[in-house]
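Chain naming follows the written order as A, B, C and D, and within any one chain the residues start at number 1.
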Amino acid sequence: MTAPLLVAQAISRRFGGILAVNDFSFEIQPGEVMGLIGPNGAGKSTTFNVISGFYKPTTGKLTFLGEDITGLSAAAISRRGLVRTFQHGSLLREMTVHDNILIGALRAVRDNSGREMRVRETAALLGLGGLLHATAGSLPHGLQRMLSIAIAFAARPKLLCLDEPLTGLNSTEAVAALEVIGRIRDEYETTILLVDHNMRVVMRICDRIAVLNYGQKLAEGTPEEIRNNPDVIRAYLGDGE
Amino acid sequence: MGLIAQLLVNMLQIGAVYVLFALGLTLVFGVMKVINFAHGQFFTLAALMIAVTMPEFTERFGFPAWVDYFVCFALALLTVAILGVVLYFVGFERYLRDLIGSFILSVGLLLLLEGVYLWIFTGAPRVVPKLLTGQVSILGGALETQRLVICGIALAATFGLYQLVNRTKLGRALRAVAEDREAAMLQGIRYRRISFYGFMIGSGMAAIAGGLIAPLTAISPSLGNDYLSKAFIIIIIGGLGSIPGAILGGFLIAAVESFAGYFLDSSYATIAMFMLVMVFLLVRPQGILGHAER
Amino acid sequence: MKPIVKWAAAALMLAAAPAASADEVLKVAVFAPLSGAAAGWGLGAKWVGEQAAKEINDQGGIKAGGKVYKVESIAYENGYNSAEGAKAAQAILNRDGIRFIIQGIGTAPVKALQSLSERQGALMMQVAWGKSVKGPQAPLTFTNSNTPFELFGPLFDLVKKQHPEVKTVALLNPNDATGHEVEEEAEKQYRARGYDIVAVTWYERGTTEFQPIATKLAQTHADMMDLSGAPPGDSGMVYKELAVQGWKGVKMQAAGTGADAMVKVGGDAVEDVYMGNAADFGGPAATPIQRKLNEGALKALNEPLNILQLGAWDGLMAVKAGIEKADSIDPKKVAKVLPTIIFESSYGPTAFGGMETYGYPQQMLVPIIVTQIKHGQTVEIARIIPAELEQRLAKKP
Amino acid sequence: MRSARAGQIVVALAAAAVLAFAVLGDDEYTQHLLMWTALNAVLAVGLRFMLLVGETNIGTGAFYGMGAYMGAICTTKWGLPFPLALLAGGLLAIVVSTGFGLVTLRTKGPYFMLISFAFTEVVRLIYTRVEWLGGNSGIIGIFPPQALDPWMSVLTFLLCGGLILMMYLCEQSNLGRVFRAIQNNDAVVETVGIDVVQIKLVCLVIASFSVGIAGSLHAHIYNVISPGDFSYLVPVFALAYIKIGGDANVMGAVIGAAILTVLAQMLQGMGSLEHVLFGGAIVASMLVLPDGLLGGGRRLLRLFSRGRA
């Protein structure tokens, strides 16, 4: 096995008196799709924000590609190849689809013609090829979600972190989205971290899953192992979700 | 000792009016996300109305001065309320939560209203007749009785607003909207109605401050400008939208004005205040009691 | 160069005009703050300028070069700052082609106007106090009311005589051009008379809360407070606070221009304040013209007339006399004759002088009026005719 | 869309022709009116530049004033050549805005707005207390070299036009796209590796540089400056220009500056009504024409063309 892409060592994050994430450790291996699940308020989003540099961890250490990235800004982390999306539509609403994706490619590609190619390729991959001149805010919800992935993926990250990418999609859209995520991993050799509370989806696409509950890691393993883990069933599936 | 007491008394008295003025501004911001540059115009209008109507009253009815004062005060509040309703429905309602749009609108109103006041009331300073005579001494610091009473009323009004916001249903709705509009709306709070109430209460605070300052100062159409820039500093220091912050900030600025004004020079006191803001910013960009912006 | 060409062209056209008709209009400008905190002064000057123009027109206009000119006085907003002043200056000189400014108020805008008016050869009457606005380098600029350089000496002598016990003085002035110039002259004149100056303090114009300032002044325990350059409303506030804090002493507002607002604001606390630049134009010492104007101002502006506003009248009268003497509406010719003539101002016969102080005779010699507030009224206690004017009038055939 | 742009270019060319005629004309007053318009246009475009990243920079007034004071000192006190005085105004604005931005750009929205307001006011107060800067009476006698007199208006136009063009080109470039992206959603911009605070700083510095040069020009056109000229009302009026002309593009700011500058000048001599009419113009345009005259005109055109189709 090669060296892990991202190593989180005992990260914690405190807000005032509340410990949102507590002593959470995990690793992400190159080329895999890792899932992060847990009930509402389990600390998924906080973990996400800590990894991507939006929050500084209160304690703990983050290593990406062998480099210590603890405490770096979001932009600096992104430039090293770890790019995220947001749970709530993360678009530049008043700008065109083209310009949205271009912003994503701006840092990663140096010359203008290269950027144009990158925009077209990314748009085509995410099913936005014919909509380059549409205004982002006017797109239907499903396409908006695709666009927010497109922005992040235009940077061609090594690790793409998707925060609930399927929320609000109907089943056809969700299937299409999963297929695209699969292609991003296979054709572009991108590692993916996926947060979602839709268990079924996560189980279907992920190679490995970590489960959070009350800010602490409850379990980690293959979808099969997770599905049969009694703690998970009690904490997560047990409440009927 | 007498000097320090005098400076402290000055601070309390100046601070009480600053707090009232700034509270209104911060409340309007909290609820509407509007920084109302025309806030001082409500303040000025109330003071001008009292200064204009009171002599008429005294001449016609011959009640004691303080009776006339309260009647005219009520009249001034009514005038401001009418102006507030007009401005809200004609203007501000269209620019709710639009920081830049509402800023330009309110700046236009600032110029327009100042010009209109100057036109109607002329530029000559006016004064309100003395309400109470005599003076009192607190710990060796001298103060007019009238000032003491007005300071008391201002503190009571501040306390009243605090209670209103903390204890009543309307107050809870105002706070909920200020903190998280979407969540408040999900709970069935009607945003437009609440923002109207917030605007009227905030403007009313300015009018009360103006009415209270009327017997203590010379009143001219540009009276509100001095208070406005100080109120901005107060609400930055206290945190935008924070009511306890405005109270703390108001007294802090009054302290700087009172003490730095004595030990340095009153023009340096103004510079000192701005410097204070810059330093605050380095340490706490969100103000003393403000929430971090996200 | 261009304006001169244009001016010559205009003169040519005037000369070519077949017959002298009474329809010629001479526009003159009042240049003053018409909005903001100092609006009161400007609105008053505007009104006085209009009255003076009406008076001249009623008496048949100004006669020069075989023509009769009707006068029109137009007020321009100078915003009390130099940028607005410079804009108004362009409007006055280049847009409206006005060559005579009968009253300019506010040091910063007056300087802005002056830099253009001197260059373009327009004549300006103004009230800014600074020595820097006058002198041989500015031969077209005239001052139409007394400044601290004329006032303070006679005023302080008089007060020293009445209050020999006073040893210490504290000064308060607004922190602006005017305030600084007043303070400098006051300090000099006080020291020359052996006073001990215990405090020199400043405040920002537009201040509304005077308690801290008064506290500071009261702590100096000075025998006399001089609030020289402060506007009357402000000094009323300060004296009121001083009284609350138990200060008792001689009250002075050496450059004070009006008592009305001070009395309104200060009440009993401003009793006995001395003022050097105020007048009671409704009182017995005033001339009939002054009394008439004062009554009109009370009606039109709700405020009694002050000396600065009256300057617009005297400014226009001086311009009229100058034009008629020079028999020309060329401002440069008018400026040349002004220091040589004696003309009728609202105070009576008046002339220009001030060679000794400014190096150029461009100061209108009007009486120094010393007033004191008694029972809430401005009472004139002395009207001192400048020595220079007395000499000039005596020389007159 | 293409025809709209072509239309704009035609309008711009026509306007330029009229202006050139007026500039080359010999009426000094018209020339000054045009120079004031040019300065105000730079102010409006400079303020709008920062609005592209979503921030209201009332500090524009302070940087304009610094440029003016720096320029005035260079010519009157140090006897430096005029072009150096212009450049020095811009450079000082760059230096100070960098420091100011590093401290304040961590805040945004209303905080940044009020802090920049406080900054403008404190800088103005400091001028009044510094004797060397002329205190409250300011500095007089700031003249460009006499040889430049007949060329001053042309020079002003070229320089202001150049500054506006520079900002326009920045806006049209990828940098401008990033500005707009930050205004839309700064978190997204951060996630793709772009340092938002750094970009905002670049934006502030470019705008301040332009405004600083314009300030130095102001000092030499007005010949006199005083602290009162650089209050928070400078950017407030600039905002009005933007809003009245229309904030969708640079032309709106320029047109707004032209209209209001001329209007304000026409009101000269009308006495105290100036404030009423000026404030009234702002309020009325906010209530009746929220997209400004350009936006309103465009809407009219659209209605018209629809009616014909």
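Note that a contact is a pair of C-beta atoms (placed from the backbone, for glycine too) under 8 Å apart; a residue touches a chain by one contact, two chains touch by 3 or more.
Since this is a predicted model, take the numbers as computed values, not measurements.
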Note = Chain with Cα centroid nearest the overall Cα mean is chain D
Message = Based only on mean CA positions, could you tell me how far chain C sits from chain D in angstrom?
response = 37
Key: Whole-Å gap separating chain B and chain D, where each centre is the average of the chain's CA atoms   = 32
Request  = Would you mind pulling out the distance in Å between where the CA atoms of chain A average out and where those of chain B do?
outcome  = 48
Note = Where chain C touches two or more other chains at once, the residues are 35, 39, 43, 175, 204
Remark   = Among all residues of chain B, those touching at least two other chains are 114-115, 118, 267, 270
Inquiry  = Which label fits the chain touch graph of this model best, line, ring, star, complete or other?
reply    = other
Message = Touching pairs of chains, all of them, please.
response = A-D, B-C, B-D, C-D
In the complex, chain B residues that touch chain C = 3, 6-7, 10, 13-14, 114-115, 118, 122-127, 130, 135, 142-144, 213, 217-218, 220-223, 225-227, 257-258, 261-262, 265-267, 269-270
Footprint of chain B on chain D - complex, ascending = 51, 56, 103-104, 106-111, 113-115, 117-119, 121-122, 125-126, 128-129, 236, 239-240, 243, 272-283, 286-287, 290
Task = Going by the contact rule at the top, pick out the chain B residues touching chain D in the complex.
result = 29, 33, 35, 90-91, 94-95, 99-101, 103-105, 107-116, 118-119, 229, 232-233, 235-236, 240, 267-268, 270-271, 274-275, 277-278, 281-282, 285-287, 293
Inquiry  = Going by the contact rule set out above, which residues of chain C touch chain B in the complex?
reply    = 35-40, 43, 175, 201-204, 206-209, 211-213, 215-216, 219, 233-234, 236-237, 244-246, 261, 264-265, 267, 301-303
Remark   = chain D residues touching chain A in their complex are 174, 177-178, 180-181, 184-185, 187-196
